[in-house]
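Two complexes, one shared chain (chain A), two partners (chain B, chain C).
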Partner chain A sequence: MEPLLNIEDLRVYFYRPEGVLRAVDGLSYKLYRGEVLGIVGESGSGKSVSVLSILKLLPANGRIESGSIIFDGKNILKLSKEELRDLRGKDIGIVFQDPMSSLNPVITIGQQVMEPLLWHNLCSKSEAYERAKEMLGMVGIPLPEERMKEYPFQFSGGMRQRVMIALALICRPKLLIADEPTTSLDVTIQAQIIRLLKRMKEEFGMSVILITHNLALTTNFCDRLIIMYAGNMMETGKTKDILYNPAHPYTKSLLDAVPDIEVEKDLIPIPGTIPSLIDPPNGCRFHPRCPLAMDICKEEVPPLFNIDTDHYSACWLHRRA
Partner chain B sequence: MKDRENKKRIGRSYWANIWRKFKKNKLAIFGLVFVFILIFLGILAPWLAPYPYDEVHYEAVWTPPNRQFWAGTDQLGRDIFSRLLYSLRNAVFVGLGAQAFITFIGVTVGLTSGFYGGKIDNILMRIVDIIYSFPSYLLNIILVLVLGRGYLSIFIAISATGWAGMARLVRGQTLSVKSREFIEAARASGASNSRIMFRYILPNIIGPIIYAIFSGIPGVMLLESGLSLIGLGVRPPMPSWGLMISEATGQFLYNPYMLLAPAGMLVLTLLSFNFVAFGLRDALSARE
Partner chain C sequence: MEDRVLISVKNLKKYFPRGKAIVHAVEDVSFDIRRGETLGLVGESGCGKSTVARLILRLINPDGGRIIFDGVDITNLSEKALKPFRRRMQIVFQDPASSLNPQMTVGTIIKEQFAIHNIGTRQEQERWVEELLEKVGIDPNFKDAYPHEFSGGQQQRICIARAIALKSEFIVCDEPLSALDVSVQAQIIKLLEELQKELDLTYLFISHDLAVVKHLSNSIAVMYLGKVVEYAGKDEIFSNPLHPYTVTLLSSVPSIRGKEEEIELKGEPPNPINPPEGCPFNPRCPKKIDICEREIPLLEEVSDGHFVACHMVSDRGKK
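Let's turn to the complex of A and B:
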């Protein structure tokens, strides 16, 4: 089956006065239609940058150095500005991290939700109004017709994130990118938002990429996971395999650092900090923090070793002697 | 109870909030009422003035204020009250007109410069720097001399030097709004550059722009009076406060009303515009 999104050997570099920052360094993955992919990693591991490049929304000093991004049969890196704009919001919707600042404070909620439909000339104004009302109702905003006349400051954080989801879904995109959609919300609201995303996914059948640093959020939602570290993919596989049968030492230490409400255990933090991406360590980027580091880890970058069906891990431990 | 609360919340938009805060400032409201009266008087001057501005009454030269001539007459026996009204008309005309020119140029340049950045920003801002560093009153005088006297050349002369400040302000505001997250969110849902500029950036910086417009009008009026004072304003016999003040200076000790009337009007007008501007600044800066 043809994947909806096929990213190959993506390299995104940022040009800073201090040097070249390799935010994403050789990332490849596929996303199939109707699939939910979770990208997990610490801050600065390149997870957000890798998806922002899909929309080409990088800051001015960021450049896609090499690689290809094929979305729905089109090479995104070769699209013109107009073609790209047509894709944004229509075929790919995105929900950002901070709902408090992602809405225009001087335009009513209703207008903002309607706008993508009108920009892409998908329907008339009155139809857009009806669709926006319906969509706001679907994402769980009570009295959508009245609330459409209100301004963002009259909405709470959780409600604004619901609005953002409605905005991202209003054009029925083929791909929804959720870039840490719950980071700035309360824990109870986080669960609500993930449940809402799941329901919307079932309703519309689009593919979803969920970016998070919270492994717990991925369990019930994601079909497949990618674990990223310092711009590289460390491990990928079905969510169940990764959570119950992690192969990579980094994934294992991540899981050791997650609290479990049922089992009393000591949380084991990962020693050290994420390496500088301007001057990354040689070999495996995790080796300075890895408890199992060997000599080869310091010299050579590990390839992805096949662990199981669809389960790969980039660690020299899996090399069969 | 909850329904009532809901109803009250709805419709309390950005502008409703500003108006609510503006209303609390008595001086600003007073100024606003006065500004409206002034604009009204200015527009209706030809119908309200008791005499034509250039009608000469030789039998009543230098008459102090009385029942026939409410503000007295000048050295040619022209009714000062009528001339004040016509001057007001000119001042309002020049103030609003030139300020409209300034706003148009300043907002266009500032928005373009701040939004696109890079080379465009550099070139436009160097032009602004040049205009800023040039003695503007001198440039005004030269422009009026070159273009000839008249409304249009006064507009052009004043706005040619006045837009630089507006452009700088708008550029700065644009830069601060441009980096906010909802701009990126708009881009992500497919907004074009012009949509982002006019629907997302401009409405978010309209507050400071309105303040700048109102606080700029008195300056423009003062410039026009200044040009008239040295004989480069509107063409006589069309009156202007500046011209009237200059005609009255020699008479000040004998006929002080000739100087006090136009000077008083000038001060009152400038003050009322400034009060409105201050009220707007306070109302607009208190953000949600």
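Let's turn to the complex of A and C:
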């Protein structure tokens, strides 16, 4: 089956006064149609940068150094600005962490939700109005027609995030990117938003990439996971395999270090801190904090070793003699 | 048992004027914290958790109720009379970077505590700073470095060193992990646990992360719209939650193990400027009955040490 998204050997560097920051350093993965992929990592792991590269939404000092991003048969890195703009908001929708700073404060909610349809010339203004109204209703905004006349500040955080989801889905994209969509929200609202994303996924059948630092959030939503650390993929596999049968020492350490409401356990902290990506450690980037580090880990970057069906781990422990 | 109570708050109230309106930030909050134990204070943003903490520390003054610290009513003490109590209580904030003065070295920041309360000679103060940094896992050789030279986790360790500098007995931890990376959070949790054991510290631990609260607390108070709606020992509240809000809150927390049943909580917390009549939770409550819209349910003890403010649980509702 042809994947919807195929990323190969992606490298994204940021040029800083202190040096070159290697935010994503050789990342490859595929996303299939209708699949929900979770990209999990801490800050600075490269999880957001890797996905923003798909839309080429990088800050001015960020550059895609090498690699290829094939989306729906097109190489995104070779597209012109106009072709790229056709893609954004139409074939790929995105929901960011902070809905307040992603919505325009001086334009009504109605206009903002209609804008992608009108911008991409997909329908008439009156039809756009009807579709925006319908979509706002679908994402759970009561009295959509009245609320369309209001401005973002008149919405609560949870409601704003619902508006963002309506905006991202209004053109029926093939891919929805949700970048930490619930991080600024309370836990009951977080549950509402994840449930909404799940329902929308069932309704429209698009592929979804969920970027999060919270492993527990992926349990009931993601089909497959990628665990990232310091710009590299550490492990990838089906969600259940990763959560219940983790292979990589980083994934294991992370699961041991995070308290879980349903599991009584002693927490085992991961010593040290996340390394600088300007001068990252040689070899495996987790080796300075890894309880099982061997000599080879300090020198050579581990490739992805096959653990089981669709389950890969970038750790020298899995090398077969 | 009674004499082991270090902090006791009774019917605490705090209102903030906003224009012509009044924000009912804290409305009748009562609980006890026993010495050497941790009370987890949970609830959604805007429910008044941080205001309660600031009231207990007398950083702001209450509009009603009493605060008893180690048997002494400190509610209306003058600043001067309060000073010996200030030594005994401290706070660790959410964002360590903004709670450390960027222009002072970490050594000076910690030493300031001794200067304010006039204790120790200069040499003693130097030595204490080094001991404190050592205790929280920071190399004392870095005492002349500035806060920005440390990572977020290390900065939080420095804040904790400052909080225990005066051998305070009571420490408010107000979302102390929220600004930290997941892999670093466990380090701080461990440190807080170790210090509590070693120094017999009493914590008020405020967090929106129920998994962390469950890990750290002995008892838990759940707040909703300025009120404590349920208050019990940790095991009791997690195994036998009684208030409909607690039940939905617990079921909203995602788990690696997945969730057996998810109860969707509809809507959002109401505005504390204009709280609903009756039970504050009634507009969202799946179990609402008539009385909930009229009468405010009182926090009543339904079993040993388990308090709930809900008409459906208390006897009056059943009648």
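Operating definition for what follows: the second predicted complex is superposed on the first by the 321 of 321 C-alpha atoms of A that agree within 3 Å, B and C clash if a C-alpha of one lies under 4 Å from a C-alpha of the other, contacts with A are read in each partner's own complex, and residues count from 1 in each chain.
Definition applied: contacts are C-beta pairs under 8 Å (C-beta built on N, C-alpha and C of every residue); 3 or more make two chains touch, one makes a residue touch a chain.
Here the structure is a predicted model, which means the values were calculated and not measured.
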Clash-or-fit label for the pair chain B, chain C on chain A: fit
First, second, both or neither for A:D98, with chain B first and chain C second: first
Chain B versus chain C as contact partner of A:Q192, first or second or both or neither: second
Chain B versus chain C as contact partner of A:N214, first or second or both or neither: second
First (chain B), second (chain C), both or neither touched by A:H120: first
First (chain B), second (chain C), both or neither touched by A:E42: second
Partner chain(s) touched by A:T273 [first = chain B, second = chain C, both, neither]: second
Spatial angle chain C-chain A-chain B, Cα centroids [nearest 10 degrees]: 80
After fitting on chain A: smallest Cα gap, chain B-chain C, Å: 11
Residues of chain A defined as touching chain B within the complex: 55, 57, 60, 85-90, 93-94, 96, 98, 101-108, 115-116, 119-120, 143, 146, 149-151, 153-154, 164, 167-168
Residues of chain B that touch chain A when the two form their complex: 6, 9-11, 13-14, 117, 180-182, 184-192, 195, 199-200, 203-204, 206, 288
Touching residues on chain A, where the partner in the complex is chain C: 42-43, 156, 158-159, 186-192, 194-195, 213-217, 219-220, 243, 253-255, 257-263, 267-271, 273-274, 289
Contacting residues of chain C [partner chain A, same complex]: 44-45, 151, 153-154, 181-187, 189-190, 208, 210-212, 214-215, 238, 248-259, 262, 264-265, 268
